[in-house]
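What follows is chain A paired twice: with chain B in the first complex and chain C in the second.
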Partner chain A sequence: MAQKKTHRTSSDDPEELTRTVLQAVLLADSFAQKFRPITLERPKVLLPLVNAPMIEYTLAWLESVGVEEVFVFCCAHSQQVKSYLENSQWTKQPGAFSVTTIESHDAISAGDALRVIYTHGIIRGDFILISGDTVSNMSLAKALSEHKDRRKKDPLAIMTMVIKHSKPSALTHQTRLGNDEIIMAIDPGTKELLYYEDKVDLSQHLISLDKMLLADKSALSLHNDKQDCYIDICSPEVLSLFTDNFDYQHLRRHFVKGLLIDDIMGYKIFTHEIQSSYAARVDNFRSYDTISKDILQRWTYPFVPDVQYLGNGLQIKLDREGIYKAPEVVQSRSAHIDSFTVLGNATTVGDNAVISNSVIGQGCTIGHNVTIEGSYIWDNVKIEDGCKLSHALVCDGVHLRAGVVLEPGVILSFKVEVGQQIVVPAYSKVSLLPQPSKQDSDEELEYADANTGIIESPSIATMMNAQKVDFPTSDADRSGTSEFYVSGAGYIWSSCEGGNEDEWRHSIAPIPADKLSESLLNAFADVDAPDQDTSCIPASGELLPDSASTVGDGEDYRDSADFEKEVEATFQRALAGVDLENVILEINSLRLSYHMSHADCAGALFHSIMKAALVPSYSSKNDLYANAVKEIIKWSDLLKHYLKTLDEEIEVILKFEEISVETAREFSPLFSNILSCLYDKEILSEEAILSWAQEKEGADESDKIFTKQSEQFIKWLREASEEEDGDND
Partner chain B sequence: MDFQVVVMAGGYSKNLVPLVSQEMPKPLLPVANRPVLSYVLELLEASNLKDLIVVVEGEDVALRVGGWISGAYVDRLHVEVAAVPEEVGTAGALRAVAHHLTAKDILVVSGDLVSDVPPGAVAATHRRLDAAVTALLCITPVSGPSESVSSVGKDKGRKLPRANIVGLDHTRQYLLHVAAGAEVGKDIKIQKSILRANDQMEIRADLMDAHMYAFQRTILQEVLDQKEMFHSIKHDVFPYLVRTQLRSEISDKGAPKNGLNGVDYTLNGSEPASEILTNRTHKCCAYIANKSKYCSRLNSVQAFCDINRDVVGEAGHLSGYSFSAQNNIVHPSAELGSKTTVGPQCMLDEGSKLGDKCSVKRSVIGRHCRIGSNVKIFNSVVMNHVTIEDGCFIQGSVICNNAQLQERVVLKDCQVGAGYVLTVGSEYKSEPLSKK
Partner chain C sequence: MPDVQTLVNDFVLKLKRRKIEGSQASAKQTAELLRSVVSQQRLPYINQATVLLDAVRAVGEQLIAANPVELAVGNIVRRILHIIREEDLTSTASAMEGLSLSANSDDDDNYEREDHQALSAAAVAAAARSTLRAPSLQTLLEGIPESASAPHPSSSGGDSEGKSKSAERSSRSKKLKHDVIEAINELIQDIETCHEQISEQAVGLIHQNEVILTLGRSRTVKEFLCAANEKKRSFRVFIAEGAPRYLGHVLAKELVAKGLQTTVITDSAVFAMISRVNMVIVGAHAIMANGGVIAPVGINMVALAAQRHAVPFVVVAGSHKLCPLYPHNPEVLLNDFKSPSDLLDFGEFSDCMDFSTSGGSPRLHVVNPAFDFIPSKLVSLFITDTGGHSPSYIYRLIADYYSADDFVVRRRSTTS
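Coming up: the complex of A and B.
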């Protein structure tokens, strides 16, 4: 690593008179659980990637680009990370490159981590934010100077994101790193990031871009072919932003999106696209596989196994066809080592073994007639004769007895033992530690206490039976292990949320052909699905299905319809026995959220009541009337709550008219009866009824059906009120 | 070339009241004293596109336009004038003339286009890329006529662009998205499937649809037959083709694959992926005119003024006249009184007379106008046989044929309809004036 140090020191900005030390924040916790069960025992950044811990790649790169101070934030297994760093060359060696650890135990997200770092007050200038599982060989000088130049002109440009070209598969909608596709909108001139959508929702066929994005520029480019490298050059404001917005957790989903949406502060994020250099993050098993292969194929040069940078002190030799061998490999003459394979130090390979496209760690023993294809075998693994491994990941200390077959996508965590002749089904994850139950579905946590929330062991047993797996696992109580020990030790983990369905997406194994053809069909469904909605819309100058309906009256109408539905649902809960007060509270909150008036509430509520009256069976008009009266009496208190003024009462009558004409014609013959009932129960005042009648006098004949029907009643009311007036005089 | 051209010339456009009249339908409105339609016809002629169908609205318009064309282009172009009822829309007009269409490709041009972009280039792009439809897009002039029809040059304070939203692929040859500015709500909605198929999409707000489209005839006719609701080419047919480019319901050969509607395309699972994917697409292309080219549509009163000014000014090569040393065009038979000046970028046509001490700047004056003394005409268009008496002041206005302005009339940003008489000393500002 000394070789790179020298040429770096000169690249500092000459114009910068007060030289600031380039700092980096390295998150040694991914705040994700994608590497479980392995990460229960060892932090992700210490997992070997082509026989060197991932954090080594990140630190080596940071050193090579001229970073002088690295703050390693550790959370899960912080002791392991700390002690690793203490024993590593990074802290021992004197010089400009210093590594400091910051420890926190209650951080559950990158946002929390950055808030902790903010409280330490150690960041003095622009810094690089990177996760400890990033492999890169890009040169940062250009991105950094771009960032600094922008900062000088515009202090609001607080972040530069590194992106790289990468086209996601049209069928699986994920990149070769197994990440979900990303849609970004970038200003082609300034490279400002305008829109960012990761975890693209496949059910959504349209991307919505705010029209205002084009208000001050004439063009923007929308990309589906970029990959986020998760290397960010940040200004110190980023930290304070995280502190101000304490709900920011995820760097992209919350922070980036939050900044893009927020136009009050006007902070801007820019992108820097790298062309020929490498940058990728080990995010899941598939990217583990992809990046390992990239390292073997030397895309990440100089960070490749045979260059002395990772402090393993071993002289690894590169043979033809990308075969890397450590010095003390003992290999049988008849063993066949195929291209792009690494054999770690002191590993022995037996007769007739065939190894291709695989990484074998140190001190492994591989028996005779073993076939290993596309697999990752870590240190001190014992593989007995006749095993077949394809696209599997096998951790330290695993013991595979003779004849074991690992199907594609299998993960065997530390020290698992598999008994003779056992076939481990595809995509199984096996660990000595039992699977924590999913009750804390907080997926942001990389680690969890192994003691809390363990799934009951029977569930493992039943799962095993259900799958008819011929693979006995040790029971939760260790007393009975001896029996199982003969054949193996470990729990099969049931797949985490998402089910087996998506297991293939992020697995080490290549995507099976049947999945591909399945997604091919889905791809057609994707393309075809909007067909229906676009072809059924009237062809009157519209372009997209919902562009027309979101303007003007349409929206209004929809809102009120929604509102009515919500009120009805609330009312249904009241029928089911929810307290009256709570119902009122709920309706009030609905009213506020939909910007409705009291009158609308009363109308909607009345509608719901009348609907409820229709529910019990009725044979005649009289039955229905009785039902209605019953419901009205039952809910009169609730209704009265919203009938404080005349307007609201009139609204109820109008609503009643509307439903009698439109939705529930059953009520139309009973209109006047129910009206008088409402009057009797003192729900409606005579003033309201009279002013309604008056309002209707000028209306069309067709509108007057109900006033005519209730003519007598109205007449009676009128006379009564006149009499009253007369009395008063 | 096997291209047939349909020119949508229109009729009595409501947007151009009071400029249009019985005698003066939209195709015959003068631009530098030539009917606007002549600009399109000559542009087509220059690209050797001589087989034309001119579609106008209304029989009487057809008579007038037909008469003029047969007089002016008798042995130069093969023109058929077809009349369609009003309000059928451009798609309806195409349906009406469909039986005349036989060529492999159809070029549909709006008759109010004033441009120097060669239609041949659009046609060539169309052929070269084997497109289903190719549209001519122009970079919106900064202060030129606005795309929107209703606004008359007063929307400068408007924050949102009213221009079209256009999505292009990275080579800027293929069209991936179109939306007319007025139709876009708060959000621009882009189809993800089209983005995916093209990796990236450049979204532009500075491109104007010049209403020149090249269609493959079979595809065009199929869309017109299947989608009876479609009314306009710009708003219905063209966006429909762009929108459905990945799931084409129209076959390249012209024969619908699955009966009439073609919607229930059944998928044969055994077919290899690539074949299905490519078979179901048609290409929508764009020809983006060079920035230096002039391109405007005469679709509003404001546009009428702007185009007239441009054609005798910065886009002078379009007018076909030769400019004098003073950078203006004064017909030899025009008479100018003493101390009368005609500034640069002006036009004064045959037989017009100006009295003493007049001043004309950046204006077009037609034939046989009689203009008194002390008259100032700035930034205006005066058509033929107009009488303007002494001391009038005219700015930013349009005065149609046979109008009469009596002494000391002051007009600012007005339009005076044909034959209208303005009495002595009247003053108007920003008003359309015409006979009821």
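Coming up: the complex of A and C.
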């Protein structure tokens, strides 16, 4: 086996080690659809990042760190990736750096890709696993030698993950790259990764750790300020592990977590933290924006536009204030180019245009009085006079007619045309391709969709023709988005699975002020909470589902009133149509977090039901009674779930009493009626009612209103039970 | 057999990727590459010089464009163009004088060439061999003047003597090429030995018990100081650490290892310390035609401090750093901006660069220039491998080394 061979060499002297060819597996497919609709037409790795395809950055880095053999795994749009690589400097170049493509159309996840690579049997030793959208300038030598040293001592250390120090935003709990905060537990001595969670539910300030971790390790440091760079140094075992566990799909969610949980095999993952160098992955539009800006700020040096590493061969000049200009830019004297802007080759900029913090591609035409702010404009885009673009992404060949306004977060895919004076609303995505009707929320399966997208593409032509017929009719007076189709070409995509609320998180546009202030409020509310939170961690370590969120002001946190409110909120959702089981689950978790008993739950729930009964309009007592009965019947199942013992039933009666006192006008006259109704519906047992009556006997007069009111009913119950007793005798 | 074009491409890629560190290495490798370009160039019978010039210029243009920041590459290209012109001039001159061996020339360069003319047959053979052999850098390196000029006991000498006109014709074509290659070899040797040449002058400049200040680390400065130390001069060195790359720390280590009394100070303490200093010695990235200097960042500040306290400010640099262009020339890329990670830790400042919460525009800018420009009036003396020169004399040196026709290498792109 190839594996064994490398093992033997690794036990030899270090000189032997250096002689093994360093290989890398580059996944030219993200197996996600965060860049849709653009990725329907072009693979993500070929999308330009500061005017150079993303894969160029990855390959350039691999070349610079001494990787000699790169296997590029292509899946969606594999032909495009292949033909790009064939024409690039990387395959033509003589010398030690070779790029080989591996194609597979069935792979729908990183796991599948690695399984395909395993079957090819080309990986002979330690390799670097990287995705084709990673930008880095880190030096690999140290991480690699650490990895090899560890391997020598412990063959179970099969992977080294590269991480980087980066604080997540305290407000939005997302990193600057738009990912969720990642929580890692790392052994401070050995740097072994012990825990990895990238989908932390932050509203609860809770994470659960296996207590075995603390039993095994003398120390453990928990980090939320580490960024996963998605650069892994792997041993060949990683591939065979993927093959053995055919259900591993996602590198992090399945593979890393799977290994961390699995005690039997005992494989270990280690981390390597990079200090001064840069590494990040373009995962969504937010990180596209962030990384572009990092490149312009030169954090990725030498992978910056004016150093000709990336092979477009153009001599780009860096002016003051971070303005990068390609040689043949035609710029009007009155145009104002602001800091951190790139102007691509053969681009013309008209009079009084203002461009700031933007990247403009090659061969673009920008008209007079155009304002472009924080936008990414790819090649051959035509922008007519008076357009306003802010924080938009505009792909190749787009044509914006005069006066178009792109609001923040707009994505215009290839060759979209927008008619005069149209305002494209914020966060809209426009493509010539229709949105695939089959929306599969499962990220792993998404590339299957992408393939169907390709099949659909012939229909573009017909569609465009149909629309272009109408072009001449476009006139400035008839504006509005509905006009989009008349004077332009393209489908507006409805927002995909994340829902519109989440759109702002991953968009190119900065987070809007109202969202920020909202999260600011939440953050302040949270500030008080943590100490109580920690005391609230239930012994079982169960995580609260996020729907039970909205933490109150934190003062009467554990108060039963608060709990009641929470239950009521949950119940409202139940009214809105949430599954009964989910409601029970939510209430259970609420109960755990508030340290309440089942009895409290039952009481609170009953409270909510009665309140619900008050909601519909009623004219008379009888109406109200009917309402109440209806609600009780409706929710009897739910109530019964909590009425397991006598105590709980009594609690419900006491609660009912309380409600009746509070709402003297509504419920107090109906007390006995409803009580008997509850008895009829077998929600309350007679024992409960009797013991309640007994309890109340000793109480003072004012407390006895309701026992008196239902005296008759109680008496009847007593008699009935005595009768029963008599029968039994 | 590696084609010249692949060699050129390889070198261009290395330059583009900034894989060649330092002016000296760039200069040397450029000269070696151009030597192989010259040796592989097929020459017609007439207009040999023009063909050679065009070949070198074509390659040189690519090299300069590959890394415009490294001015030494352009300097060497221009030096070699100048060499070809000179050789062409002398060979036509000698051709007009016939084959007389007693040509008296006033030029120093011609001294050696007389020898070669005397040994012309052997030289032709040597040149022929060098073109036949695989022109890898290795074999070309072996062809340094000492070994090449030594007469080889081959039979070719006799053969070529016996040959008639055709041999003479080929010898004429080979001769220019051969002479150029010889001159390039000399140039390479000059680059290699520039440190020693400069260091030889150290004793004359550094006196007993002086205090020398330098900033950052320059290999030339290091050799210069060590040479003075070896000659039993006892003096002290102040080293400004040279933020943000702190190469001054490295220099301090090296000097201490050689037994020099060394003090490390921060860059910001330079002005406070300069009054105790007898001389400032710094290295340079490039010396421009007007005597201005492009040097690692921070040196301008040192120069100003030195001027304020009337401390001599000496720049040591090999002649390959002598650039025939003026700093205002649009072709000159004065500065290189490095990664901000030299200054700031990315992780610590990542919250300042969260564009999503800061309105989309970066509020934190980090500028990390690599070089300073020091105007010529602040420089007291240049020490090059040819001796000490005042800034006002630089233009004269440039006239010696370069031909004015070559200042703009990118001729084709300007005409087209």
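Criterion: the second predicted complex is superposed on the first by the 452 of 729 C-alpha atoms of A that agree within 3 Å, B and C clash if a C-alpha of one lies under 4 Å from a C-alpha of the other, contacts with A are read in each partner's own complex, and residues count from 1 in each chain.
Simple rule for what comes next: contacts are C-beta pairs under 8 Å (C-beta built on N, C-alpha and C of every residue); 3 or more make two chains touch, one makes a residue touch a chain.
This one's a predicted model, so the numbers in the text were calculated from it and none came from an experiment.
Judged by the touch definition given at the top, the superposed model places A:371 against neither chain B nor chain C. In the superposition on chain A, A:176 makes contact with chain C only, while chain B stays out of contact range.
Once the two complexes are laid over each other on the shared chain, residue contacts for A:224 go to chain B alone; chain C is not touched.
In the superposition on chain A, A:509 makes contact with chain C only, while chain B stays out of contact range. In the superposed model, A:188 makes contact with chain B only, not with chain C. In the superposed pair of complexes, A:214 makes contact with chain B only, with no contact to chain C. Residue contacts after overlaying the shared chain place A:521 against chain B, while chain C stays out of touching range.
Once chain A of one complex is fitted onto chain A of the other, the partner contacts of A:166 are limited to chain C, with no touch recorded for chain B. Of the two partner chains placed by superposition, A:352 touches none, neither chain B nor chain C. Taken together, the two structures place residues 167, 170-171, 225 of chain A in contact with chain B in one case and with chain C in the other.
Across the complex, chain B meets chain A through its residues 159-161, 165, 167, 170, 178-180, 183-193, 195-206, 227, 229-232, 235-236, 239-240, 243-244, 246-247, 263, 265, 267, 269, 273, 276, 280.
By the touch criterion stated above, chain C contacts chain A in their complex at residues 6, 9-10, 13, 16-18, 65-66, 68, 333, 337-342, 345-348, 350-351, 353-362, 365-366, 368. Taken in their complex, chain A has these residues touching chain B: 167-168, 170-171, 173, 181, 183, 185, 188, 200, 204-215, 217-225, 517, 520-521, 524, 526-528, 530-531, 534-535, 538-544, 546-547, 550-551.
On the side of chain A, the complex with chain C involves touching residues 60, 63-64, 89, 93-95, 137, 164-167, 169-172, 174, 176, 178, 225, 227, 275-278, 286, 289-290, 293-294, 297-302, 307-309, 315, 317-318, 322, 339-340, 356-357, 373-374, 391, 509-511, 516.
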